[in-house]
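We call the chains A, B, C and D, going by the order they appear; numbering starts again at 1 in every chain.
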Amino acid sequence: MRVTDDAPARSSFKRRLHTIIFEADTPAGKVFDIALLISIVASVVAVCLESVEEYRAQYGRELIFIEWIFTVGFTAEYALRLYCVDKPMRYARSFYGVVDLLSILPTYLSLMFAGTQSLLVIRALRLLRIFRIFKAAQFLAESQLLAMAISASKRKIMVFLGVVTTLIIILGTMMYLVEGGQGGGFTSIPTSIYWAIVTMTTVGYGDIAPVTVLGKFLAAVAMITGYSVIAVPTGIVSVEMARAAQKTGFEVSTQACPSCSLEGHDTDALHCKYCGAAMHPPQEG
Amino acid sequence: MRVTDDAPARSSFKRRLHTIIFEADTPAGKVFDIALLISIVASVVAVCLESVEEYRAQYGRELIFIEWIFTVGFTAEYALRLYCVDKPMRYARSFYGVVDLLSILPTYLSLMFAGTQSLLVIRALRLLRIFRIFKAAQFLAESQLLAMAISASKRKIMVFLGVVTTLIIILGTMMYLVEGGQGGGFTSIPTSIYWAIVTMTTVGYGDIAPVTVLGKFLAAVAMITGYSVIAVPTGIVSVEMARAAQKTGFEVSTQACPSCSLEGHDTDALHCKYCGAAMHPPQEG
Amino acid sequence: MRVTDDAPARSSFKRRLHTIIFEADTPAGKVFDIALLISIVASVVAVCLESVEEYRAQYGRELIFIEWIFTVGFTAEYALRLYCVDKPMRYARSFYGVVDLLSILPTYLSLMFAGTQSLLVIRALRLLRIFRIFKAAQFLAESQLLAMAISASKRKIMVFLGVVTTLIIILGTMMYLVEGGQGGGFTSIPTSIYWAIVTMTTVGYGDIAPVTVLGKFLAAVAMITGYSVIAVPTGIVSVEMARAAQKTGFEVSTQACPSCSLEGHDTDALHCKYCGAAMHPPQEG
Amino acid sequence: MRVTDDAPARSSFKRRLHTIIFEADTPAGKVFDIALLISIVASVVAVCLESVEEYRAQYGRELIFIEWIFTVGFTAEYALRLYCVDKPMRYARSFYGVVDLLSILPTYLSLMFAGTQSLLVIRALRLLRIFRIFKAAQFLAESQLLAMAISASKRKIMVFLGVVTTLIIILGTMMYLVEGGQGGGFTSIPTSIYWAIVTMTTVGYGDIAPVTVLGKFLAAVAMITGYSVIAVPTGIVSVEMARAAQKTGFEVSTQACPSCSLEGHDTDALHCKYCGAAMHPPQEG
């Protein structure tokens, strides 16, 4: 967080600053990014520690001091980011811009309202920048592939969750009718629905559990159903993942058409599917 | 639920009513569907809240009043649906027809029998209409794909569940023989089978847990088996999902080359990848 | 269990008996199989009920009587099976032969040793015959496909389980070193290994749980590892399932070679891969 | 562990010793490997038993004696391994070399520091040699396939775990803000994050569980998210597994047609499926 001290405003300096703060290609940019990540991890750890009773009792003063140092540092960094981009408003409204702002606000708010410091863990979101540091391009490709697969599965997952939610509401109510007032913890329909979710997702805390024979039977049916049903989203995502991998050229041929140079052909293609030119001109014969 | 007041019977009116109530294409139909969905959610929430001790104590009277309003509204809607379809009996016997009827009966039954109100959550099933509202066709395709994959997996899943059920019965009995009377909760074979289901599905409440060394060893074997076995339904569904996706033309075009009549082209193919002929002969030229 | 009364020994009678008892194609065979399945279910339920304290107290005498009736019936059935097959020893040593024998022994043993009745649930294994009744051939194909996929995954799953077991032993010991004597239940290495299995398989009873900070940290790492690792057997089985499906002609062409009539060709094959004959003789040109 | 007595140093003896100790092809080598594995299992079991209070009280002396016998045996084996390889340092620094050393150190350390014996379970890692004994080549191929798939999934899994970790930190903090001080066990942010991991991975101990309505609602959302999210690593590994299987020639032959040089033939193909030429020109005819 040494960066905060010197800030003379010249255009070439602005550009250099931009390279250091926003890129991770140059040595200086890499050093800055690593220092930033270490600061973020340290500040998140500090916030976590402060929430532990005994640490707060012993080191409360020091932890608040550290928190303010990080906040001032991040504030300076935020100001520099705003300063050195060409379109400050666009950055400020972007995902990382909003996260960067939210990462410093809670400390200032804590001057007015008590207990807002915990909100500082939103800084954890800043850690997602981590992928920029090492071999950014490759990680980007992987992220895009994952995002593609998840986005393609979205509607199917929604249909699936819609059906599952309805089943869970009805199962929860049935359990309430069967187990309500039996001492198993099924004190109301919302509680029973909560139990149904805990059970169908195989989390199974055990704070609520059926005690009657019929209740246990219903629960057993629900578990076996949930066990089979968990296969569905997995199947959806697997298929989309395979398709995404295919589309992004992992499984298709990497060969470009020699005529129109478009890519994405199947490996067994003899002719370009876009322009019809022969793909492998075989030794001119 | 304003719809209930005016009901003059003319054929064109009947048709317009049908469009509003059964379709979601027109603005009026969309408004009706959204209002209906909000009513259903609100009424399900009201039923849930009524089951909570403290809310019933404080707002019991109001909740019952709300329930009656919704019931009268849904009754009117049900009557209108029966009125405006051509074959009322066919609707009445359809899945949604039965659900619509079951959604209003419990309130009337509660006049005779106490405690039937909870059955009103069956209204949640009506929420499945939700997919009609936005981009119905796409969701329908996704639902059909899911249904196809699940239906194709049905027999395999049944074989699998048959084998697993047998294993669970035998495992439960072995645990009863080993752990029975040791204080771990394995008081009878049915209880032990219930434990086996809770364990094999990885729910793991912990209300029943082995205490002897042999029992823990058996449980460990069962868990590792269950852990490997959970892979089977997932594999089944994944494979069927991939196949269903292929069949419904999501992955490859079903179009054959007009020249060599080979198939298996991508959906974005302009030329046949085998002979190079144009795929979509544009405007007969 | 009416079959036990008449048993005159003639060859054609023997053959007819074989058809009834071992096949499910004829009406008589189907009736016999269904009656048998109902008897098996009823007898398993009776054994389960007998293990419940209160039922044994109230209906103990009746349940033992029922048990003897079923045992006598199954003994007669076993004798008839031995009688009407051509090679009785081969049946007796087959899987179902052994199961059939084990299904009747415990009742006789209970005359000498107390507490052996519970072993009668081994009768549940006889339920696997259920698939013979409806559309046997299709279920057989599905079972074979499942068996093929699981058998093909066997070695990979063994390698996987070998590595996971080693990890679990080391994790368990680490937790014992960290948590031993802290009151969380990690009283010995075997107990800690048991905990590691319960955790890695995501069962999570909660009877043993870490209480120290380092222990919780280790547990968290183990859980996230287990969460990622569960993907491996699923992946293995999915791939083998897809391959098995392909091999059994679900995804390959159903076309037989017109020359050598062998099957199993890829859908894009132009020539038979066994004899080299052209696959689609195109309009004799 | 008889091997320790005779060690005359001759080159041919050295070579023979190397064959016995490092290979599993010769009968002597196989016997040695099996004896070694049994010793390792026995010594790990002894260490486990020693950690159980009651066994230590009763057989403590004998167990320590056994431990020393195994340690002396393994030390001799380690010395022989160092002696009979050509490059001792390379072996000493290899994975198994380090494990072999770590497997004997704790016993010697226990002379100086109490409580180090438990570290002996590191011997479990030596069990991974087990795959050498039976059909080593096949298991090696399977292991490589698994390793390939996991290595190929590495980056995607890292991106996935990065995002999930961030979500877990934020979820944990939200639960701390909602449930902190309500008696559900959410006493600090680290504890809440631990709960979030326990819940998202569907382990669900139940030692910490939400008690407020909002907390339960958040938990339910987290569970359903975790339930859908578990599909992602499975999808990743499945796809990579399928790809690895393809690459290592399990599914298609790598042989090209000698006539048209097209590839992608099945392993049982006798003729090229594209041109019909014979695939394996038998005995030069």
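What we mean here is this: a contact is a pair of C-beta atoms (placed from the backbone, for glycine too) under 8 Å apart; a residue touches a chain by one contact, two chains touch by 3 or more.
All figures in this text were calculated on a predicted structure; none of them were measured in a lab.
Participant: Could the interface between the copies chain B and chain C be described as same, meaning over half of its residue numbers are common to both, or is it different?
Facilitator: Result for this pair: different.
Participant: So which has more C-beta pairs touching, A-D or C-D?
Facilitator: Looking at C-D and A-D side by side, C-D shows more C-beta contacts.
Participant: Where the centres are mean C-alpha positions, what is the separation of chain A from chain D, in Å?
Facilitator: Inter-chain centre distance comes to 29 Å.
Participant: Any chance you could list the residues of chain D touching two or more other chains?
Facilitator: Counting only residues that touch two or more other chains, chain D contributes 190, 193, 202-206, 230, 234, 236, 238, 242.
Participant: Which positions of chain A touch chain B when the two form their complex?
Facilitator: Interface residues on the chain A side: 155-156, 158-160, 162-163, 166, 169-170, 172-173, 176-177, 180, 187-190, 193, 199, 202-206, 209, 213, 216, 219-220, 223-224, 226-228, 230-232, 234-236, 238-239, 242-243, 264-266, 268-278.
Participant: Okay, in this complex, where on chain A does chain D touch?
Facilitator: 44, 47-49, 51-53, 118-119, 121-122, 124-125, 127-128, 130-131, 138-139, 142-143, 145-146, 149-150, 157, 161, 164, 190-191, 193-194, 197-198, 200-207, 230, 233-234, 236-238, 240-242, 245, 250-251, 267-268
Participant: Spell out the part of chain B that touches chain D in their complex, as residue ranges.
Facilitator: The touching residues are 202-206, 234, 238.
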